[in-house]
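Each of the next two complexes has chain A plus one more chain, namely chain B in the first and chain C in the second.
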Partner chain A sequence: MTMTSSQSSHQFAQVLQDAQAAPEFLQGNSAQLPIFPLSLLSRQTESAELWNTYEKLLVSCLQSGDEKSAHLCLERLINRFGASNERVMALRGVYEEAIAKTPRDLERILQEYETTLAANPVNIPVAKRRITLLQSLSRQADAIKALVELLDFSPSDAEAWMELAELYFSAGMYDRAVFCLEEVLLIAPNAWNIHARLGEVLYISGASDTAKDNAETVELLHSSVQRFCRSIELCDDYLRGYYGLKMATNALFEKAATHTKVSAKTIKDLNDKASGALRKIVDRKDSGYNEDELAAARRLIEKS
Partner chain B sequence: MTFMSRVLLITGSILLAHACYSAQEVSALLNTNDSPISSINSAETSDSTPYPSLSGTSTRSLSNLPLDVIIETLVSVALLCLGIVLGSEPLKPISWRVWAAKVEREKDLKKDVVTGTEDGYLWLENGRRKGFIDIRQHRQDFANWVRTQDQ
Partner chain C sequence: MLASTPKPSTLPALREQRSLLRGINLRNNHAQLSPTSFQSRRAYLTDAYKEGAFLKDPANRGKGAANPMSDPAAMEGMMGAMKGNMMMMIPQSVIMGWINAFFAGFVILKLPFPLTLRFKSMLQSGVATRDLDVRWVSSLSWYFLNLFGLQSVFIFILGNDNAASQMAQQMAQMNPNTQQMFAPGQDPDKLFQGEAENLEVIEHWSVFDGIENRLLASRS
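Showing the complex of A and B:
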């Protein structure tokens, strides 16, 4: 799964809307917030939300190409928190990466990140920027190495584990990706989408194995079914979970069912349940599901 | 629902105000009618109990309050309660799976940039991890999207 497919047209529309609202927002909020005694009289109060909004606007403006507003956002963040704030440093990095024209500019930014990290190796936001830039420069092996080092001293960072899982996944190292996803689930045990993702990775690693009757493959598909079941348990009418359950049980049918710990009947029941739920979701009007996902579900039902 | 609740609230307030006014009038009437007796009563009991006049008048006026005023008060309070309950915000889901379904349903809805926060665990998904945002890829995707919109 690439970045392209993960962003829906809804999200692009959202970015465009945010970016269009930016100039007005920047004008409405003055650059200089009133200092203490005056701030009691002023209507404009400082809140964490305000700075979160600046951060979000900065990214939206950069994405839509409104560099002037983005620069203004960044300037205000620097004025407020100082250029040496770790989070602000990372945001400045995002800005510079976005306006970089040539590969040489990117190399220079990478050098800057490395100097920063040499001075302070636990600057996590900048370390993440460096990893992202390495990926962007197609240096996946370096990115994985840096990410593993990052996780060594910050092992409770779900975001980093998730990123590492996707890196391993795109490199085809499925067992390592599964390990990383399990680490994410230790931190966020009720995350239904991570359960579904783990199910997908297990399914793909099981289905990519062409040897039939392989006990190990059947084992992988079994775990995949379990993960999808858990995701459905955690989220009502979860299209992604039911879709995966249907696919995984279908695959278990194809691979001989003789090895299964679970009886063939249970698998059959699960498959029927997934079909029923998918049909119900597809038939529903104005359900709020993604159109592409609905179309895929429709195709899957028709095939069976 | 909001219209209904507003009607109930207004009716309830009017009824309550009317009941209060009636009760006040009734007690005023009683006080003028049998003021000599009540003053004698309070004078008699004042020796035995510390708050004679208070307890004496309150029990007397309550028992003398006409039944329709009491009913009016109770009905108006009930109407006010109903109006407040009906006019309140819809309840938030307290069951995890219902809440999760709501988050999934609303993830693609347009959000206000100032208040729109990402709920649940969506921020862990591909392309949504803020710390690892690949801004150059995002810019390119956005440009491609704009091109398809123009066609």
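Showing the complex of A and C:
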């Protein structure tokens, strides 16, 4: 049920395809945009989209190992926005991290980030880069500490809350992860994937903790069921939502014969509904769902 | 040239703004939480707001709104707005003078229908004759009529945000940065107190009340 396993091979194939188109794209768009009087004559106009494309291309190229094209993208971004632009600084950090050969190099880059942040502590893109780098150096505790500091002065940043939730989750601190995901939902109330994620975390914390007394486990599982219900309500045919709903109702049914809040019949009905929906999704031809998730759903149905 | 680059905001200022935003988010989206987690968040935020924990400079608390002229950051913002206005004013007045010089003083066309005397000021600006029939239109008036009258035609032909549309320019000027939450001269402490009160009076309900039955009833 974790996120990482769902990033399957066809996503990487897409990245590779994008990156292979990079040299052509870079040639098609000349490095120098025409200056003012000529710009009226030329067909090529500057748009925010173009620079967005450069950014994405930079990342795709780095993922597929095309460092030359990546460097070209970065160079053009620096030429346009200047090396002191916050976003460009972060992108240069991405590039340097990607081409770094030894852990020593990474340490040096970390030092650079820290000097940048000392000069300007509100440079949020670089602060986030630093946190990611700390994670990849597997200094999770430092990363959590840095994220908490970042969120102290910028508590309206959904991305950072999400990251912190994942860090807490992987560290096994489920109640904190739940808190962070709730903060994300306060910023983006209708994000059904976050609702489902919260349901997953609640389910895992309810299912894993055997030491807790029964009432608390049931409480967790019940709110997990509710979260999955909400995510399905917001997005019909949401595979992860139905999958989670089925798992959570299964667990809740086992644990709580004496559960007072919801009747056993409701739980049973929800479980049946989830099974029906999953079966429908699995039977559909080329539905655009993730292959791994479909396979997992298939296994779940066969088991029941 | 005149436009200054946006000044980087400081850490405490950012914290002040975004912490207020957090309270507003909680107020708007509280239904996404379960009762217990909502209560604990509300208790934390109202306490912190009342104590002024998020204020940029807690020392100045309770002294009322600071004079906007004394805060260099606010001053910068106001000067920026003024500079923007000047940038608009100067070319406007040059163009105006140019048009006046070229178009003033002659009559350009005659309308094919009679009009009442009231239209004289609208149709005959720049021609100071009392006895002239209102059906004659002076060139300056014709220029203005076209300038304003053709706006919708331009939008129709050229698309919604074309260069000929002045509305876009005006909109851009009206709203330079929506990021600015505190207007200069406003006391952030007052805003925090107000938000704390807003949070206190929320009657909490949750989207999860009876969600199971809602989902089952929806369509199976």
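Note that the second predicted complex is superposed on the first by the 295 of 304 C-alpha atoms of A that agree within 3 Å, B and C clash if a C-alpha of one lies under 4 Å from a C-alpha of the other, contacts with A are read in each partner's own complex, and residues count from 1 in each chain.
In this section, a contact is a pair of C-beta atoms (placed from the backbone, for glycine too) under 8 Å apart; a residue touches a chain by one contact, two chains touch by 3 or more.
Treat the numbers as computed from the prediction; the structure is a model and nothing was measured.
Of the two partner chains, chain C is the only one touched by A:S154; chain B is not.
Applying the stated contact rule after C-alpha superposition, one finds that A:L186 touches chain C and leaves chain B untouched. Shared-chain residue A:S223: touches chain C; no touch with chain B.
Which of chain B and chain C touches more residues of chain A is settled by the count: it is B. When the two complexes are overlaid on their common chain A, residue A:V122 makes contact with chain C while staying clear of chain B.
When the two complexes are overlaid on their common chain A, residue A:A21 makes contact with chain B while staying clear of chain C. By the touch criterion defined above, A:E233 lies against chain B and chain C together after alignment on the C-alpha atoms of chain A. In the superposed model, A:T266 makes contact with chain C only, not with chain B. The contact surfaces that chain B and chain C form on chain A in the two complexes overlap at residues 233. Taken together, the chain A residues at the contact with chain B in this complex read 1, 3-4, 6-18, 21, 25, 49, 53, 56-57, 59-60, 62-65, 90, 94, 97-98, 100, 124-125, 128, 131-132, 135-136, 158-160, 162-163, 166, 184, 188, 190-194, 197, 233-238, 287-290. Across the interface of their complex, chain A is touched by residues 96-98, 100-101, 104-106, 108-111, 113-115, 120-139, 141-143, 145-146 of chain B. In the complex of the two chains, the chain C residues touching chain A come out as 8-12, 14-15, 18-19, 21-22, 25-26, 28-34, 37, 207-208, 211-216, 218, 220.
Of all the residues in chain A, the ones that touch chain C in their complex are 120-122, 152-157, 179, 182, 185-187, 189, 223, 225-227, 229-230, 232-233, 262, 266-267, 269-270, 273, 276.
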